[in-house]
Every structure is written in C-alpha cells, then in structure tokens.
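Here it is: the structure, laid out below.
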Amino acid sequence: TSTQLSPAATPPANPELVLATTTSTQDSGLLDVLIPMFEKQTGYRVKPIAVGSGQAMAMGERGEADVLLAHAPDSEVKFMAGGHGVDRKLVMHNDFVLVGPGGDPAGIAGLTVAKEAFTKIAGSKSLFVSRGDNSGTDQWEKKLWREAGITAKGQPWYLETGQGMGLTLNVASEKAAYTMTDRGTYLAMRQHLHLDILTEGDKSLLNVYHIIVVNPNKSDRINHAGAQALSAFMVSPGAQQVIGEFGIAKFGQPLFFPDAGKPE
Amino acid sequence: MSQPIIEGHDLQVVFGGRKVLDVPYLAVEQGEVLVIVGPNGSGKSTLLQVLALLLPAAGRLTFAGEAVNTRPDKSGLHFRRRMAVVFQEPLLLDTSVRENVATGLKLRGTRGHDLERRISLWLERFGIAHLAARSPRTLSGGEAQRVSLARAFVVEPEVLLLDEPFASLDLPTRYALMGDLKSVLARTSTTVVLVTHDRDEALALADRVGVMLSGRLAQIDRTEAVFRSPASEEVAAFIGVENVLRGKVASQQGGLAWVVVEGRILEAVSELAPDTPVLACVRPEDITLSLRRAGETTSARNRLAGHVARIDDRGSQWRVVVDCGFPLVVLITRQSGHEMGLAPGSEVAVAFKATAAHLIPRA
Amino acid sequence: MSQPIIEGHDLQVVFGGRKVLDVPYLAVEQGEVLVIVGPNGSGKSTLLQVLALLLPAAGRLTFAGEAVNTRPDKSGLHFRRRMAVVFQEPLLLDTSVRENVATGLKLRGTRGHDLERRISLWLERFGIAHLAARSPRTLSGGEAQRVSLARAFVVEPEVLLLDEPFASLDLPTRYALMGDLKSVLARTSTTVVLVTHDRDEALALADRVGVMLSGRLAQIDRTEAVFRSPASEEVAAFIGVENVLRGKVASQQGGLAWVVVEGRILEAVSELAPDTPVLACVRPEDITLSLRRAGETTSARNRLAGHVARIDDRGSQWRVVVDCGFPLVVLITRQSGHEMGLAPGSEVAVAFKATAAHLIPRA
Amino acid sequence: MDLVWDGIAQAFWLLVRGDRETYQVILRSTQVSGMATVLSVLVGVPLGTLLGLSRFPGRNVLIALVNMGMGLPPVVVGLLVVITLWRSGPLGGLHMLYTPQAMIAAQFVLAFPLVTAFTLASVQQLNPKLRTQILALGASRWQMLLLLLREARLPLLAAVMAGFGAVISEVGASLMVGGNIRGLTNVLTTDIVSATGRGDFARAIALGIILLALVYAASLAITTIQQRTRPS
Amino acid sequence: MDLVWDGIAQAFWLLVRGDRETYQVILRSTQVSGMATVLSVLVGVPLGTLLGLSRFPGRNVLIALVNMGMGLPPVVVGLLVVITLWRSGPLGGLHMLYTPQAMIAAQFVLAFPLVTAFTLASVQQLNPKLRTQILALGASRWQMLLLLLREARLPLLAAVMAGFGAVISEVGASLMVGGNIRGLTNVLTTDIVSATGRGDFARAIALGIILLALVYAASLAITTIQQRTRPS
C-alpha cells in the first residue's frame, strides 16, 4: 500500500509546517500515527498545534498556521467564503453523542433524534454543561439548540465551561448533568465518568472533519507547498486506511470513519 | 545576710566542645552591686546571659529561693520580667527610639499615663528625649547605648544585668551616670550584676568583685579584698598588680612576715609560716617613688634603691619600671613625673608599706 | 611641615535638617596621631567617615595634595584603598574570622604566600589566631573587636581611621596594644586619626588633640596645649577641667596676672590686660591638697583654705570638692585620701602653681 | 501588535461601559485569590517562623518540602484536589468540586509554600541575637514572635505579594477545580484561556490587561506600605 | 484514590523501564526551566540589588512593577510572547515560535520578577552600615555587590528556588509558546495537561509525581546548600 511509499527523494526547501488542529484529533492520538507517516514520506516537519476549532481558524485568518484540521462546518464555510482558505477537503467523521447521568431525569435515553432530546432537557430544566469555547463541538451544539428553537444560553440550568471536552465531561459528571461530546473523548474517559450514552445515531450528530489549506496570500511566510502536501496526504488511501483502523485495538470500535472523496 | 536573690550551683556552658563557663557556686545578694571583671572571652557575657535566663546551662539556678529552669522557656518568663539586661552590643528594634524604650513596659502590660510618664522620665534621665522620634539606625554609638540603657532602666526591675553599659559614653556622662546609679541603687534595693573592663568603674560601684578567668570565677570577694589580696598570680596580673615577686618567707612574728626576694628583705603583713615559698604582690599605685642623689643607698626595709629602666606614658599617669635588683613597676602622676624630671636612668628610691605587700603561697 | 596627607575645607554634613558636621578647615599631617574627643553625638564618627570617603559632605577634600570627591563613588576607590577604618561597632562579614581578616587584602589583589603570611601575622598580634576558623557570630565582644582591628591593620595602610578601637578590650590587652601601636607608628610613617572617650588613651597616644563640640572642632592643638589651655569654657568642661572660675584680671606684669575670684587673688601665667573679665581654669589633678589644723588660715596666693564638701569615689582616684569660698574640685589618689583620713568636713588647704591656672577671656 | 491595541481599547470599554459580567469576574478573582492569600499567610507565616527559628531532626527535609511546594505544578495540585473532591473521592461528600471554595482550597495549597519559604528566609536573616534581646525585654514566646515578625516586615510583605501574585495569575488549578463555569467559578485567568481558545485574542488581551492592572494596584499598595516603613 | 496509586505505580514503571520519551521530556523540562532560571538570576539579582540599595525618583513605581511581575499570569505572558513571535509579529522573522527557545523566553519573563523581588527584599534587610563597612575595606562597586550578595545568600537561594519552582511547574505560557509538540517542545507540565485532556489521569498523575520528584530533588539540593552555609 501507499504506506510503503519511499521517503521523498529531495527534502522540501521549507520543511517547517504549522498545523492548527482540533484537540480531539490530537488527544485521541490519531495525529501521533498520521504525522510521522507524513513526515517520513515527504520530509516535512509538522508542528501540530492543538487548539479549539475557533482558535485554529483565527490562526488561519492571521496566516499563523499553514493548514487547518477542523470540525466546525459552518465557520469553515464562512472561512472559505472570506477568502482565508484556498482548498477544503473532507477527511473523515466521527459522531457526537448525548451523555447524562444514569438516572436520566429528562428521560432522553434511547432517543435517536437529537432535537427531541434537547427539547426534553430544556423542558425538564435538567442541568446541561456546554463547552462554550466556540470549538467545533460547541458550535455544533449551539446549532442543535437553535434548530430545536430553544434559547439555552443564560438559563440557570445551562452551564458553560469555556473549556475543552475532557474538562467539560468531568464537570458534567460531577454535576450529574447532560452534555454533548464526541464519542472518542467519551470512550477514552469513560471509566472515570458517571455518565452514560443516552442519545446517539442521529444524522445531525455527525462530526465532520475537513482539512483546509490556508490562503498563501495571508503572509509571505506561509508554507503553501507543505500545506498542499499534507492536505493531499490526509485524503490519500494510505492515510484513510489508518484512520479507519485507529482505535479498534483499544476500544473495540473505530473512533473515526474515513470519508475522503465522499460528498458533503 | 538575707537570702541571695540569685543562687547558682554547678553552672556550666559548653560551646563547640569547650567549657566556656564553669561556676560551682555563685550567690548574688539582694541589693548588692556585683562587678564581674576578666579578660576578653573569659565568659563574663555568658555568665550574665545564664543569670538572665537567656542561655541554657547545666546546673541549678534559684531566683529569690525559687528553683528556675535554665532553659529560656515559658517557665522563666515570670522571672525574666523581674530583671532587665543591657547587652554589650545595643541591639535596638527597627522602630522609633521612644517605642524601643516603651517595649519592655508594654510587654509587661503597662499602659496609658503610667507608661508615658515613665518613658519620658527615663528618656530625660539619659539625655535622649530629643531623639524620641528618631530611628535607631540614625543614632551615634553613644546615643544608641543610652537608648539601650533607658530601655532596661525604664522597667525598674529587681535585678539589673549590665554588660559594659557605659562603654561608649563620653566621660562626663559616664561619671554623671555612675553617680546617679549609686544614688538610685541606694534608694531602691535594686540588685546589679555589672560586667566592665574599666577598673575605676569597678572600684567606684562594686560592693563585691568577681574575677573571671577562662570561664571560672577565680576570685569573688569584697572589692577592697580582691584588689588588695588577689587570690592567685593570674588574678593579680589581671587586676593590675603588676609586681608579683617570687620569694620565700624568712621569718614571721605577730602577723608580720619577712620575705627574701632576690637577696633583699621585704616586710609584709601575713600569717604564713617561715620557709613557705610565696609570691609577693605589690600594686604599682601603692609604691611611692622619690629622687635619690646618685650613689645614695638606703637600708630601710621596703625602701629600695634603683634606677628608672623605662617610662610608659599612660595619659594622666606614668608607668615607671624601676630596676632595683628586680623590676618593680610604679605608677605616678604625670604631674609629679614632670616635677621630678624623671627620665630613663634617673636614680630613684621606691618604698611601700608592709600592708601594701600581699603574700600568696605558691606551689 | 610637609604637606598634610588629608586636608579638608568647609566640610559640612547635614542630617535631618541639622548640621551635624561643620569644619571650616582641618589638616591631618603625615605620620601624626590626631585624637578626636567630644561628647556623644558631637559628630566624631561623622568626621571620620567623611575623611574615609564613605560619607558625602559639602566642601573640599584633598588626599596627599590630590583633590578627591567626597561622594563615595568610584573615583574615591584608589584613595580608600590607601586607608583602613575601624568602626565603632565591629560589623563582621558572615564568614570565618580568617576570611574577615583576609577580605581587605583580597580586595586589593593580594594573593598567595604574601596573603597567608600577613593574615597569620595579624591574627597572632591581636591574639585571635585560635579563632581563625570560627564564625563571627560566636565571638565575644572583645574578640569581635580584635577581629575588626586585625582586619584594618592587616592592610598596613597609609592612614588608619580608628573609632573607639579599644573600647571593649580588657585593660591588659588595651595597654599592650597601645604600646604596640606607638612602636608600630614610630617605625612606619602611618598617619592615625583616632576617636576615643578615654582621656588616658588620648594623652598617651596623641600628637594633637581635636575637641569636637556640636559638630565643630572647638579646639585642635598639640595635646599638652589642649589639656593645659582649653580654648573655651565648653572645651574646658569637656576635657575634664572641672574648675572654671569667673574672675577679672586685677593687674598684670611680665606675663604674670593677678586675678580676683570671689574676693580672693589668684596668680596665673597670662598676657591679658587688667580689667579683662576672664575664666580661670584649673585642672583638678593639678591641685594639691593637704590637711590643715582647724582654724589655721593661709594668706599665700594660690594657696586657699577650705573644707571638704563632698567626696566621690572614682576608683583609683577620689574626686574631692573643696569649699574655699567657691567650690574647687581636686583629684587625689585613693591611697592618699585614705592616709589623710579625708572625710566631708575635713579642714584642708589647696594649692596650685601659677602655671596650672589658665585664663580664658570671657564675653 | 494591532491585537494589543485592540485589547487595550477593549479593556477600556469593558471597564467604562461597566460590563456587569466583567466586574463580577474581577470581583470573584479578587475574592478567591484574596481569601487564599489570607489563609496562606495565616498558615505560612507561623510555619516559616517556626522553621526559621527552631532546630529539630527532620527540619531540613521539611524545609526542602516547603521549597518544593514553591514548584508545585498548579495542574498537579488541581488534579489532586479534583480527585479528592470527586464524588468517588475521599471528600466527595462535601460537594465542593466546581465551587469557589474548591478554588480557594487549591490556590491555598499553591500559595502557602511561597509564603512559608519567604518567611523562613527573612526570619533566618534576622540577627540571631535579636531573639535573645527580645526575650530579655520580658517577651513571652508569642510576643517575641510578633516582635520578630515586625522586624522582618519588609520581606514579609514581599511574601504576601508573592503569594497573591502567584494565585491570582494562576490558571491550571483554578480551571480544573473550578471548571470555569460562567457566572459561578470563572475568574479572569480562566476567562482569558477560554477567550484564547475561542480565538478571541483581543478579549483575552483585554482581560489580561485588567488582570495586570489589578495586580499592579495590589502591588503598589503593598510596595507603598513596605517602603514607607523603612526610613532611608 | 485508586488513580493516585495507579499513577505512582506508572511513574515507577516509566522510570524503571527507562522509557526514552519520558526521560527526554524530563530532560527538556529541566533544560528549559533551568536556563530560564539562570537567565532570571543573571538579570534579577543585579536589578533587585540596585533597587534595594539606591534611591532615585520613580524607584517605588519600579518596585511596584517588579512586585506586579510576580503576578504576571502565565497565559498573558504566553499570549504576548506568541503575538510578538508570530509571523506577523515584530519578531516573526526569528522563527522562534514553537521552539524551546521561545519557552525559555516566556519562562524568563515569568521568573525574573520573582528573583528580583526576593533579591530586593533580602538586600534591603541587610544592615545598611554593611555597605559602608565593605566600601571601607577597599571594595570597588562590583566587589561590594558581590560581598553583599554573599551576605544575603540565604534568601537568594530561596529566590533561585522560587524562580525555578515557578517556571518548571508552569503550564499556560509553555503551552501557548511551545505548542506541546511531541519530541520538540512538550515538557512535563504540558504533557500532564494533554494526558488530562485525553482522560488518561493515571499518566497525568505519573508525570506529576515525576515532576514533584524533580522539584524536590532541586529543592533538597538548594536547601542543603542554604542551610549548610549558616552555622547555628
């Protein structure tokens, strides 16, 4: 397979490449597998900076990153429309789940429609912890509330941490509250949490990752060639195969599903 | 005599493996002035600190009959508050002069008018009222010493422990304070233990004098007794008996002994038996010196002929070394030295009374 | 006389709005011993620090003819290294005694064998060789003072500035050091400015004496001159001329003046014109005292009859106040006091020479 | 650098407009860190004095522990406090996690070694004879401690400032044990982190500037006290 | 609390197994923070001494700034360093962002106010006559400074420890400036954060324990020097 590609014949002129990536890909360990592969194949040296999707795009806008790996489709579309990016490719997805205390005071267990679950939580005024950090996950959650026609922000039962998924899960667990999380982080932390998966499987809970090449006009210091190479690599069959197999060994199920070339 | 106010048994302090203090017995009598003298490093300050319950020592200590712990712990607080100490080095607190003087009283709970009155009184007495608001860091050496004194006297304690209290004071002040101290002590029944290097201070103030040598109280007795009859050669040397002559008692009768020193006969008041080897001590200031015509001799006992070997100028006094077979040190006033026109080589006669020669048996 | 080693013009120091030092002119001659005496807080230490280039003062200062900055900045380093100071309070560095003594030399770049030799030599001289490895925190007062002295002497400077250097030393050591100092100074041509409260130290060591009063050098002159002829009543009082008698010159002839004091005539050596109001100063130790049969009178000039009003014990001396129309203070040895059986009320005669009475014109 | 100017402008507006949320956060920061500092002074000063003045076996180990305490990583402290306060943890019953009280506890753990170490160093530097002098004046043990601390007040005020500065600017532990819950446990530093995370750099800088101003005000107050008590 | 035991066990195995990555991270933490501490001592000690000894207008403002420096939030420092080192920032040309050098710079900014403030406090507590005494011994300005610092060595060692402790345990700035890039800029604290983020608490605790051990070793060394130089 393509993983056996020989190293690049000539090292690139500017090998340094800054990748602003979501924390979930970094924390799950996926990048720890993919990036060495890429570096070996191409001779680039990638600096993966794990930040929320919000900060990742802010860095892109300022030309501080060469390439972004994000999962906030609405912002990404705006980002592209603003001319900040030149190339955006679908890489993979995983899914969000709604988790909550075993007691399930809002009664959302078994529901498969996220909107219904959100309505019930709001109706029962059960505690809900939001990341509130403008990350991909956070933006997705906000969108679901909007679609359910609920103004959650500012309600006494709606808490925002402004932090990453790990901390937010902990807070939810301790407060016996509901929250929305990506499956990977939940699986990794499951054994310390008093939270169960209650709602899953809705199409609206799909968490889609794109790789975006930043507009090289942003700054004359942008490594455009490297960005394009990484973008190409992420959708290459070799990388896609690794993505599909990642996590099976540890959790018995994959954490990500390769999507390269699929329609949006 | 009434009960001693402080009594110590077998007091010992060891520093770095060396016995710095070793006092089998010491009693400080109620109301007396006990002056401790001794060479540098002999343990005087150490003794004072032990008596002040500030330095743990082996041994037993009683204060007005009550046993006290020599460790400076809580049990000693009650006794410490009945004493006051002036340390050799005035260590003032980083606050105003007035606050420094107030501290001891405040710690004892004195408040209000009484406090103010006593502070003002003692600031006045030590001539530092104008410095009340100053920081101790800006004081001159003598001014700091006065604050240190005021700080101790203001608590009007039963026992005052003073470590060279007048060291950096100017002479007029020193004399005035010594006079004041005497009258204060006469009025109150304050007990004083005072360490000093000033022989005149000791003579003027002391009821008793203790001579400290290498951590031991080599002699402790009434002032006159110590200065007239030092207990050993070392004590004699330290308290300024510079003439210590090796001799042997030739005969003795009715308390008067004749001693042979270097072939000359001296008369001394003593009960020592004939043939006892002795040291004859004569204080330089007890010897009179007069000019002698060249060649004139004298046969009178305790009247010796000699010539001036050396003259040391000691300010208002001259220290004259007379060679009369053996060297004899004589102190004369600068005045009379000038009058006699004394110079090295001058032919002189020296004389002293039988009571001025003190015999110590030697081993 | 050769060029002064230190010369100061209009030196002034102001602290807290008060002029603490105010010296229009001062010259320290090469090789002399200049002793500064004065009451506490009069500015002696301040003067010393100014001379040592450690305290900025208004005015001009020259060192061996070269102008120096009185601010303690870099330009003064060269001159500071030619001096050494012993402060009133020995402030030792938190390292061993040996290191303390070594510091001055090391700072001047002395190394190796020479360093070791000099350190050992001076540790020995001050009797502290056995303390070399000790921390200064564990030293007794006198031991610390010796280290402070050794630290200054070891650099063998051109100028030594000593602020009460012998204050906490025991008497035998003090005398020994004073003797040593004299011989050292005689050998080398070291210049010394020494502050002391000890009159005997001043008399024994000084070539010249400066009397500091409230920041001013009230008098600076050869030792004998200062003690014999104080320039003012204040100086007289301070240096211990306790007898300052108000009178008026009655007549004068050939340098001998007759002064009327309280109806009595005194003879004094003086050139002052008749009718000048004067103060007649007579030092207590220049007056002789003898017993007088009750009722016996004397008409001789400078020989006055009176009776003992009061006796203060000053150790080896007695301070006797004689009432002879006016109070006259006389110093006698304890010895002769005892011999005369002197007591308050005793009828006595006092006498002094015309040369012992010194006249100061008064305003 | 445009971001910095944006931040300064925004900080100005936040304060002038009287943004209630901003003021709340400032108040909470001050309260939590102030309380933590007070507690560390109450524990650290006596402890430091004790370590500075007495000799006992194991003292050096204790001093090393205190010095180590200055290097306690806030995240580790946060983690340990979290584990302790978890429902499954030994103190789970207190329901203290994600409350300001928990933050105070964590910040106390961070600040008191600093205060202790500063106190220790400054008490040790006092002239050892001072203790004897104070005892001789008739002081009880406690009176002596108070007088000694008065003598060492200069470095002690520095200690207070170091403690306060360390905790008010700290983020790791506050985040973990407080959870940065808006309106409940968010403080300036945790808000800065979340603004940064959102990519809202200007707001992050604005809050940072407000925090700096707060610390500067505190330090100016302390410096003034500190330098006034010492005549030159 | 089982997590803590797991952590201890894991820490033990990480060290015993000689896990190369762990050792690398330990080494990098030590190097980065050690270098930052050395730099802050080189700047902070002279600065603190100067502030402690001289009087000049504006001195109090400067002292307050230093005291404020002790409360510099690492995240704010991180942010400012990041903005400066950004490609678009004034020092972008240095390509220093996300390198250990950048971390040293940020940590230096955090540590040197601590070192300065400690130095200031301890120098001020020295007897002011000591300076005169040292000058009188024939010291030049520099020799005087060195001797004064030798006299104040006890609190100065505490200052070094405080500086080192503050930066080796700091995470906010290191994360922002270094980016926690594995094998390049990840240090113990940033690894702890990322392990916590992953929910791998046991590893977080293991690394925390290793960090504590490292700090304790350093503080034991410093404490020993500190206490040995002072005879009782």
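Every chain is named by a letter (A, B, C, D and E) in the order it is written, and numbering of its residues begins at 1.
Quick note on the criterion: a contact is a pair of C-beta atoms (placed from the backbone, for glycine too) under 8 Å apart; a residue touches a chain by one contact, two chains touch by 3 or more.
Model, not experiment: these values are computed from the prediction.
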item: Each chain counted as touching subunit A and subunit C at once; value: E
item: Neighbouring chains shared between subunit B and subunit E, ordered by label; value: C, D
item: Label of the chain whose CA centroid is most distant from the centroid of subunit C; value: A
item: Chain located farthest away, centre of subunit B as origin (C-alpha); value: A
item: Chain pair, most C-beta pairs within the contact cut-off; value: D-E
item: Where subunit C and subunit E are represented by their mean Cα positions, the distance between them in whole Å; value: 57
item: Distance from the mean Cα position of subunit E to that of subunit D, given in whole angstrom; value: 17
item: Centre-to-centre distance between subunit B and subunit A (centres being mean Cα positions), rounded to whole Å; value: 91
item: Separation of mean Cα positions, subunit D and subunit A [Å, integer]; value: 36
item: For subunit C, residues that touch 2 or more chains besides their own; value: 89, 137-138
item: Touching two or more other chains - residues of subunit E; value: 3, 196, 201, 230
item: In subunit A, residues with contacts to at least two other chains; value: 164, 167
item: Each pair of chains that touches, named by its two labels; value: A-D, A-E, B-C, B-D, C-E, D-E
item: For the subunit D and subunit A complex, residues of the former touching the latter; value: 82, 86-87, 97-98, 175-176, 179-182, 184, 186, 190-191, 193-201
item: Residues on subunit C engaged by subunit B in the complex (per definition of touch); value: 15-16, 38-41, 45, 88-89, 134, 138-143, 145-146, 163-164, 167-175, 179, 197-204, 237-238, 240, 285-286, 312-317, 333-335
item: List of subunit A residues in touch with subunit E within their complex; value: 16, 18, 23, 26-29, 32, 47-50, 62-64, 164-167, 169, 185, 188-190, 192, 219, 221-222
item: Subunit E residues touching subunit D - in the complex, by the definition given at the top; value: 1, 3-4, 55, 60, 63-65, 67-76, 79-80, 83-84, 89-90, 114, 117-118, 120-122, 124-126, 152, 154-155, 158, 161-162, 164-166, 168-172, 176, 188-189, 192-193, 196, 201, 204-205, 208, 211-212, 215-216, 218-220, 222-224, 226-227, 230, 232
item: Residue numbers on subunit C that touch subunit E, as the complex places them; value: 49, 52, 54-55, 72, 74, 77, 80-81, 83-85, 87, 89, 91, 93-95, 103-104, 107-108, 135, 137-138, 151, 155
